Amino acid sequence: MMVVEMADGSTKRDLDRVCESLAGAGRGYRVAPGGGRSYVMSADVSRAADSEPFKGLPGVRRVQVTSCCHPLASREIGGASRPVELAPGLWIGGGEPVIMAGPCAVENRTQLMSTARGVRRAGAHVLRGGAFKPRSHPYAFQGLGSEGIALLKEARAATGLPVITEVMSPDEAEWVAPHIDILQVGTRNMQNYSLLRTLGGLDRPVLLKRGMSATVEEWLQAAEYILAGGNERVILCERGIRSFDRNTRNTLDLSVVPLVKSMTHLPVVVDPSHATGRRELVLPMSMAALAAGADGLLVEVHASPETALCDGPQSLTLDDFAGLMERTSRLASVLREEEPSWLMPVAR
Amino acid sequence: MMVVEMADGSTKRDLDRVCESLAGAGRGYRVAPGGGRSYVMSADVSRAADSEPFKGLPGVRRVQVTSCCHPLASREIGGASRPVELAPGLWIGGGEPVIMAGPCAVENRTQLMSTARGVRRAGAHVLRGGAFKPRSHPYAFQGLGSEGIALLKEARAATGLPVITEVMSPDEAEWVAPHIDILQVGTRNMQNYSLLRTLGGLDRPVLLKRGMSATVEEWLQAAEYILAGGNERVILCERGIRSFDRNTRNTLDLSVVPLVKSMTHLPVVVDPSHATGRRELVLPMSMAALAAGADGLLVEVHASPETALCDGPQSLTLDDFAGLMERTSRLASVLREEEPSWLMPVAR
Amino acid sequence: MMVVEMADGSTKRDLDRVCESLAGAGRGYRVAPGGGRSYVMSADVSRAADSEPFKGLPGVRRVQVTSCCHPLASREIGGASRPVELAPGLWIGGGEPVIMAGPCAVENRTQLMSTARGVRRAGAHVLRGGAFKPRSHPYAFQGLGSEGIALLKEARAATGLPVITEVMSPDEAEWVAPHIDILQVGTRNMQNYSLLRTLGGLDRPVLLKRGMSATVEEWLQAAEYILAGGNERVILCERGIRSFDRNTRNTLDLSVVPLVKSMTHLPVVVDPSHATGRRELVLPMSMAALAAGADGLLVEVHASPETALCDGPQSLTLDDFAGLMERTSRLASVLREEEPSWLMPVAR
Amino acid sequence: MMVVEMADGSTKRDLDRVCESLAGAGRGYRVAPGGGRSYVMSADVSRAADSEPFKGLPGVRRVQVTSCCHPLASREIGGASRPVELAPGLWIGGGEPVIMAGPCAVENRTQLMSTARGVRRAGAHVLRGGAFKPRSHPYAFQGLGSEGIALLKEARAATGLPVITEVMSPDEAEWVAPHIDILQVGTRNMQNYSLLRTLGGLDRPVLLKRGMSATVEEWLQAAEYILAGGNERVILCERGIRSFDRNTRNTLDLSVVPLVKSMTHLPVVVDPSHATGRRELVLPMSMAALAAGADGLLVEVHASPETALCDGPQSLTLDDFAGLMERTSRLASVLREEEPSWLMPVAR
């Protein structure tokens, strides 16, 4: 595909001229406002020769033809790794792992507040909690909805922790965005393109979970849908893929952490809770995730897992979580002393 | 879970009493208008003893406790196989296979009309064509949108064939429904519950493709989301699952045809085009699908596959398709003479 | 790789010269006596230019450079489809499906004889039965061993049916070969190269099951190991691949039937019993397999499945099997009337 | 199944009496000399009541009925984790990670010696190198065979490192055992039961790689085949499973490290080279493996990877490997300070 990058001082008229030139040649294109700049993307131009005429057009900074199908997400075109601001003052991807923790679902005030205070005390950076739950079982608890959002705001006020919650449709995303710090796309919706497009237009960081059986390319293309709408704050989340063994809920594919970090500039976090589905595996897999270079963790914690309305067996108790924070902190401090380069394999 | 089936003459008051009784006990529930009847479903009641009190309530016809998590879709509660009306006078699931054919995407009037006339001539029953395309590649052709819908209506008028098209979001579904005969949910949206809930409230048959790595239970639970909204016209479509071999685009899982037909009353069709991704495998897999008991086929056909904007390599030419219709018809006529019972394995 | 085909009248000296020429250039090679001819294969020659010198050597009939890594198994070099003789007068791959049926394991004389007579009566062509069983469970019944072989010979004498049985090691293969008509390689041993090499030197047809997660190329390369030893009688058997859904024991990958038949000249049979693991799915999947173009079936049948020492739930009763024979025969007679070409997709 | 454990001072006659008692009741059994003791295993006894009579027999220490199908490998019956002696004075499973490194295949003296000296210098504990190579490609380099074994002995003499090499058949295992310190079973042969049985009778530690698509239970049952022969020195090796994404050669399933360690007493090592197939991912995945609790690593290293006859792209250079040793040592020293308990999840 061809990527036309407009210069900083270029005008609307310059941009239109590029578009008209493509339209005139019967070639599809899309204008993508990535990183404060405008790009014109055309999947229909694949030969370098066909891109030549665009180089001379006014306001054009650079023209590239690439086989990469997620250019804004790539290091090649999108540039080097850079931290993403999750909430005022809280950055991810800058070296210090960011730990997001909380219950699978917001169930009621007591549950949420006790869990929020507990994870805060243990040192978590972000509070997670689902208000809208995508449940396979059509008659299972589907979340508290707007009441859950209100409780999350209350928990944020009480603890000072920014909050992350999942949205499942364009309407939900627009409604939730003003209230919540970070929006999450679940594994079932990784290729819900209507939702991704909406998120591309919102001013909120988006944590994009990998689809249950998504290839790395499909995952980065999903991220590109958001980036192409102008929202640069995308964080990737590996949460296990579907495989044949039933001892764990999913198969945590940790190799994608260094792999994806070599392909893209986006931060990558790991969800060891959904990946394994088993409480006793969450700590070792958290350690492994950080050792593999992950920028953060998304961990399910519940003040009393045995009464949880969903995902109890994979939820840590507050004590478990305090232990996890201690151990991962010690590990992180050792890893930090390493040359960062080892965590970043050379580009492909 | 517990399924409370209300009697035919039951009143709103009777229904409310069941719900209040559950709410009073702190148990979640959902009212589902399946099959002209009302059901109250509660995933929180799992012991037969706990269901006893509901049996005596006025207006209650039957109370069942089941381990099945898709009761309306099941034969156990939802009842025996029954044909579904796709369009006035066209039924699927009644013995005669229904063949849906057409291009992957509606590209322009000429392409659509020539393909529509061709598949009509060869004997197809339904015209397929995508107006809104869920593309992994964010900059590839995404469909003609509303213009595509208009062209599909024109093709229907010209050929008399009912049309099926994919919708990707609740808004799209509501907007498209009045114009199109059958709505399709693609593999990427099988667990897009906002979309499924919307479709449950529309008066249109829904063809629900199996998710790329969905288990049979997850697929039937997705169908249940639609059925629970009161829309009984759900058709399942097997289109290949994701596996490790790359010689075919996906792995066609034909065993699910007899399996799912033994578990549910819903018709099942097969999409050999996406399953294999290779034109030369579409005919043998169509034959195999019918021999396995499929109620119909969804086949990609293009008047000139070599110029197709998407899925050219898996699209049949009009001649190929005419051959497929001839051969599958001969096969169907032999299969029809069999006792139907062999196609219907005993319930599990 | 380079394939040097020796001419019919070529001498040992001619062959040696080709080998010396490769050895002198530091290139690995293997002499393979495929199809009554000698071939010299070298994976180390990949450029056409490097193959030129070999064309002029005495006794050389043809020199080809190919990217195919299973040349003798390929249609390109190995030639067109041809029937394989399973036992005197019984050919597979000639149009008429060959049905192999019998118990998973030989358990005792009564069980084997009653089952053998039953499948004979219903019209089976070959009796199957395991004497050496590869069991995952280390303490489960592992087969009767040599006593099982003796019983199989007795059953052959009584019914006139040729017999097929599995072998698991080179020694076993050599010991069993004189007694049994067809040797079977199980899914766990598809890449047991010591075993495959031994089978390449024996004068017995070999049914090679696909490995649990083998790609098509790996499967054909396994066949090549046998062919390269000079044994041309290889039959491929699809028996389901490992996937994520647990409703069936494995996932029957029927698309490989037409796919593999377009790539190779070898007959392909299908084992619907292991593929599904469920008796009620065996008939529909047998129908589907034949409709997809399979050359035969391998079906587990037991005179009293409820007492079977292994695989009872997937074994047909004798009555079930008689029904299967009737229905598949009717289907086969219809398929036979088709132009055979439709079953044979154009080569890739 | 039933596990009858014989007492220390029990006699052959006591053992025979247990066996006769089972045989008399028509129940299968196997005598397994695990851990210096004799066990009688019977898969045919599954009810506690049926095991009662055995408790009173002379020489019987304990009788257990278990649903576990790999009792000697389990913690429940086989006992707590314990180190395994790989070579005189070198133990694995005792806290200090054991690093095995070397080329995929032994190619010639120069290559092996330079690599062996290099990995020795960097601190490796064991030299790996294949003499018999199980290659998918039937005409690719298949290893130097006995010449390779001789070179490995020479390298051991020169460096003092014990050596590990793969064996593929019973004959090979018996022939190789006297020459080599540790025998390896490759992924393709994990269910080659003839090979496993032979290894059970040899006095050599066995590194058992997980099959390409083996479940954890199948893997442990394969280990049980070796243990049941009386060979207690089994080390498990996770090397990636087959999955759908092609960016890595396989999918490293690191969760099995803590999982398997909670189920069994056997040490677990990780092969990051075959798991990823990409040199730049070997270091991060080595770090992750140790952080997850692995007892060691099996790493491909080659003095000049670009000329390697196999697996060059995944082989580390000697410099890469020296870096890996440094970093993993630092990590290991931190992990060692932790309470070991965190690495050992509670039993299931």
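Order as written gives the chain letters A, B, C and D; numbering starts at 1 within each chain.
Here is the rule we use: a residue touches a chain if its C-beta (ideal position, glycine included) is under 8 Å from a C-beta of that chain, and two chains touch if they have at least 3 such contacts.
Computed from a predicted model, the values in this text were never measured in an experiment.
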{"item": "Centroid comparison with chain A (C-alpha atoms), farthest chain", "value": "C"}
{"item": "Pair joined by the larger number of C-beta contacts - B-D, B-C", "value": "B-C"}
{"item": "Length of the line joining the C-alpha centres of chain B and chain D, rounded to whole Å", "value": "48"}
{"item": "Chain A-chain B separation of Cα centroids, rounded to whole Å", "value": "32"}
{"item": "Centroid spacing, where centroids are CA-atom means, of chain B and chain C in whole angstrom", "value": "38"}
{"item": "In chain D, residues with contacts to at least two other chains", "value": "213, 217, 242-244, 246"}
{"item": "Complex interface listing, chain B residues touching chain C", "value": "213, 215-217, 241, 243-248, 251-259, 262, 275-276, 278, 280-281, 283-285, 287-293, 323, 327, 330-331, 334, 338, 342-343, 345-346"}
{"item": "In the complex, chain B residues that touch chain D", "value": "242-244, 246"}
{"item": "Touch list for chain A against partner chain B, complex", "value": "1, 28-30, 41-43, 69-70, 134-141, 168-172, 188-189, 191-195, 211-213, 217-218, 221, 224-225, 228, 242"}
